[in-house]
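When the chains are written out, they are named A, B, C and D in that same order, and each has its own residue count from 1.
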Amino acid sequence: MGDLHWTTAITSVQPNEIRLRGYGIDELMGRVTFGQAVYLALKGELPSPEVGRLVDAMLVSSIDHGATPPSVLAARTAASTGASLSASIAAGVLSINRYHGGAIEGCMRLLLESIGRLDGDRPPAEVASEMLAELRAQKKRAPGFGHRIHTDDPRTKRLLALADELGVSGDGVMMARAFEGALEESLGRRLPLNVDGALAALLVDLDFPPELGNAFFIVARVTGLAAHAHEELARQRPMRRIHPTDHEYDGPAPRELGREQASR
Amino acid sequence: MGDLHWTTAITSVQPNEIRLRGYGIDELMGRVTFGQAVYLALKGELPSPEVGRLVDAMLVSSIDHGATPPSVLAARTAASTGASLSASIAAGVLSINRYHGGAIEGCMRLLLESIGRLDGDRPPAEVASEMLAELRAQKKRAPGFGHRIHTDDPRTKRLLALADELGVSGDGVMMARAFEGALEESLGRRLPLNVDGALAALLVDLDFPPELGNAFFIVARVTGLAAHAHEELARQRPMRRIHPTDHEYDGPAPRELGREQASR
Amino acid sequence: MGDLHWTTAITSVQPNEIRLRGYGIDELMGRVTFGQAVYLALKGELPSPEVGRLVDAMLVSSIDHGATPPSVLAARTAASTGASLSASIAAGVLSINRYHGGAIEGCMRLLLESIGRLDGDRPPAEVASEMLAELRAQKKRAPGFGHRIHTDDPRTKRLLALADELGVSGDGVMMARAFEGALEESLGRRLPLNVDGALAALLVDLDFPPELGNAFFIVARVTGLAAHAHEELARQRPMRRIHPTDHEYDGPAPRELGREQASR
Amino acid sequence: MGDLHWTTAITSVQPNEIRLRGYGIDELMGRVTFGQAVYLALKGELPSPEVGRLVDAMLVSSIDHGATPPSVLAARTAASTGASLSASIAAGVLSINRYHGGAIEGCMRLLLESIGRLDGDRPPAEVASEMLAELRAQKKRAPGFGHRIHTDDPRTKRLLALADELGVSGDGVMMARAFEGALEESLGRRLPLNVDGALAALLVDLDFPPELGNAFFIVARVTGLAAHAHEELARQRPMRRIHPTDHEYDGPAPRELGREQASR
């Protein structure tokens, strides 16, 4: 044992035995969803199947959002020069930061701070108004509210409905709704919780540390980045000029999920 | 519509409507697993719940493999200098290439080529022997067989068992087993299919193109990279010397998956 | 000395003594140009001041080429999301590959192969025509010739003139000119050597291995990437849509280099 | 001119005319050093040949520091997995941050703040002591002082001597020396200015903004990263375990710079 010896609490590897946070990885395979395993890897404990179903839904919500996000444009730009798939995906991941995906962490910190101020008896609406006033004084906006494209984001509604249904909604969701109300009151118009804000509320209620907010988003979005980098290589010529907005969808027409396709 | 106009077939985004390959993303949330959504995003079609369960198991199998893989060391090295979580993860992704993770693609190409030679009536063992002889003549090794640590990788066994059970095993699995037999015969000792090889066989039977083999591995492993980068920041001092092998596991003791924790 | 012991021939570091390829780094400082030091670091030997002047000119030629190259767009895209300067530069570097910057290596290989066929007595024009015919048969284009924007690239002319003046031009430059002639003959119009091709010819004559062609370009262009990432942060708002071509220059008006500003 | 139109002040590109900050790039080639061009690209103005000589020396000072820095280990780790040279270099660049290279920016901010407090008549030693006391109260250390290996860094001495000789030393160098004195007084032992601190002092006196401190270091170190990635590919087998400290130098023996090799 040298003086550079160090320890890690994520995975133990012995010949013919791999354990993630103590669980045999082969025992997990086929019995838990990838969402449950993501939770286990990042948080250290295995969630119930119900929470796992919510985590899966959270990952699905962020898997892709079309060709406009900067992470997609960066991944496609790299792919277009002949980068490998891993280098293209890495270029995309490098573009997930404070202003893209980062609202999850920002909103988690806002919610955690506001929960800390509830103090047992203060009404959530009062705390939310107080914190919005402080943000306004600093000329800052509340992260996790409003969206360039969606006024009524279907992902947000679905996430909150699932969290309610699965019994996960707690102080995070309560405060997120309080902020939504306080914003409408102070602005005179709706500035709804966006998908980053909904993810933030659920990650707070799942007791994730805020510094993992961005990680959670990356875990989901890497699939979209891989799909875009692969499509760029398959369908486009090298070194084309990639317009950031002048693109349209030409994939399968709208279709419904059949009952036999659904896991639940 | 300018002259830089382009199209993409992955996701359509309209105000308050996001469709992945045609399916409403809110409709998918809570009803399909993340594994099913990964398959949909990369391949374009939604797999059945059974195939989804296999895809989830494949993703779980590759979620992490401890602190030894170079992608983990690169991610921790970057994190140790003060890199953001996204930059640390990107440094890890950049270390997933031909020699790390890349055996999946290599083995997929081997299996596809061998399947192409089956011709309806040639015995798989004969084709495998023939191709091994060709590789030997080029002083190359068959990708996807043998492991530095595991002689009987529990992930491989579990993946093949699940594929058999779920009715996914096809020519890919058949040829992978034929190669295993042919290798034992020619070497006089077992050089078993490793987890990369098993993933390759299943991806072939799921009709994934080989150039997505590495992407599939990255999608799974990014979670492990995030966990390691986060642990590095949380537990270690900046700029420590990161020994590549002199580390040990100090996390939860071995534990069993309870029935109530399993989704299936 | 453990069993992981390894060696490197680039830099020795002892307390209060740092030697690059044997030379005290403090002795080099102020006495050689950065171009000479780049050559020393990559090739292992210190070039004469004359060669150093050429290497400096080669680095200057590639320091930046405006906002159109994909590496710049990738770096700006990352910067626009809140990436650090190092992460933004890395995203740019990831976009320097076969189709962007990579023509240097491709052209070096072409020139080296053609030099190998000269055989003492075959006329360069004949070898060039022969190799172009082979490329045409494979439906490939000769790398290092033609440019989207420049028909008479001032950098190419200047590089070749300097190489002639400094006595560096050798077989690489000779063959590059032979290819230029053979291309004009076969196409019926000029397809001039571009800056990548000129760099390739000089790197061949400086005896650089072709696999360092891309490295040489990266060393030069990283400065431009840093300038663009910094300008993006300083002048633009986060998350803007970055158009790949609809931009214009608003910096200092054309000006001449004063005699007192020139080092030579 | 669309609504995404934007401007940049770095390089103008017209057919057959490329101007960096207004200067024809072909006019710069062969007449200014790469160091002068780096200064021009980053700062916008062309420095005198004397300042250019200093900038060249600053770049040479940081070109490489052996195999121990994390950026080198990350680049080698990526290269070892089969990453391309550009991806390997990018992995290295991602490891240049607050704790590695970042002391330049930190020390620049310290020096700028202290210069702001000089107020015309306060003695530099008093300001330095005051600021050190404030740092101690915050349990922070002064960035740019002390080194793990060097007690008397030859690069620092050479940089300051050159700056004095070339008439560049100003308030930055003065305050750096004041901090060195104040540290010795308060600690009872020398904690000398390190190379990051010396670069910081000179960049302050050259009027660089602190947020470019890291960029300057990256521009220099990318050459070392390229050399290490290339050596890894050329001399080592894929996927080796890269020990962070158990390595030794086996390159050319110590040698002196000949007069005929020096540009000055």
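Convention: contacts are C-beta pairs under 8 Å (C-beta built on N, C-alpha and C of every residue); 3 or more make two chains touch, one makes a residue touch a chain.
Computed from a predicted structure; not experimentally measured.
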Inset, instruction - Tell me which chains count as touching both chain A and chain D. - result: B, C
Inset, instruction - Write down the chain pair with more C-beta contact pairs when A-C is set against B-C. - result: A-C
Inset, instruction - Call it same or different for chain A and chain B: same when shared residue numbers make up over half of all numbers used at their interface. - result: same
Legend entry - Selected pair, out of B-D, A-D or A-B, that shares over half of its residue contact pairs with C-D: A-B
Legend entry - Angle, in degrees to the nearest 5, of the Cα rotation that carries chain B onto chain D: 180
Legend entry - Computed distance of Cα centres, chain C from chain A, in Å: 40
Legend entry - Distance between the centres, which are taken as Cα means, of chain B and chain A, whole angstrom: 22
Inset, instruction - Would you kindly tell me how far, in whole Å, the mean C-alpha position of chain C lies from that of chain B? - result: 37
Inset, instruction - Note the residues in chain B that touch 2 or more other chains, in rising order. - result: 2, 4, 68, 83-84, 86-87, 90-91, 94, 96-97, 241-245
Legend entry - chain A residues touching chain D - in the complex, by the definition given at the top: 4, 83-84, 86-87, 90, 94, 244-245
Inset, instruction - Mind listing the chain B positions that touch chain D in their complex? - result: 2, 68, 70-71, 73-74, 77-78, 80-83, 87-88, 90-91, 94-100, 102, 238-239, 241-245
Inset, instruction - Write out the stretch or stretches of chain C touching chain D in their complex. - result: 1-2, 4-13, 15-38, 41-42, 44, 46, 48-49, 52-54, 56-57, 59-61, 63-68, 84-87, 89-91, 93-94, 96-97, 101, 149-155, 157-159, 162, 211-212, 214-215, 218-220, 222-224, 226-231, 233, 236, 240-243, 246-257, 260-264
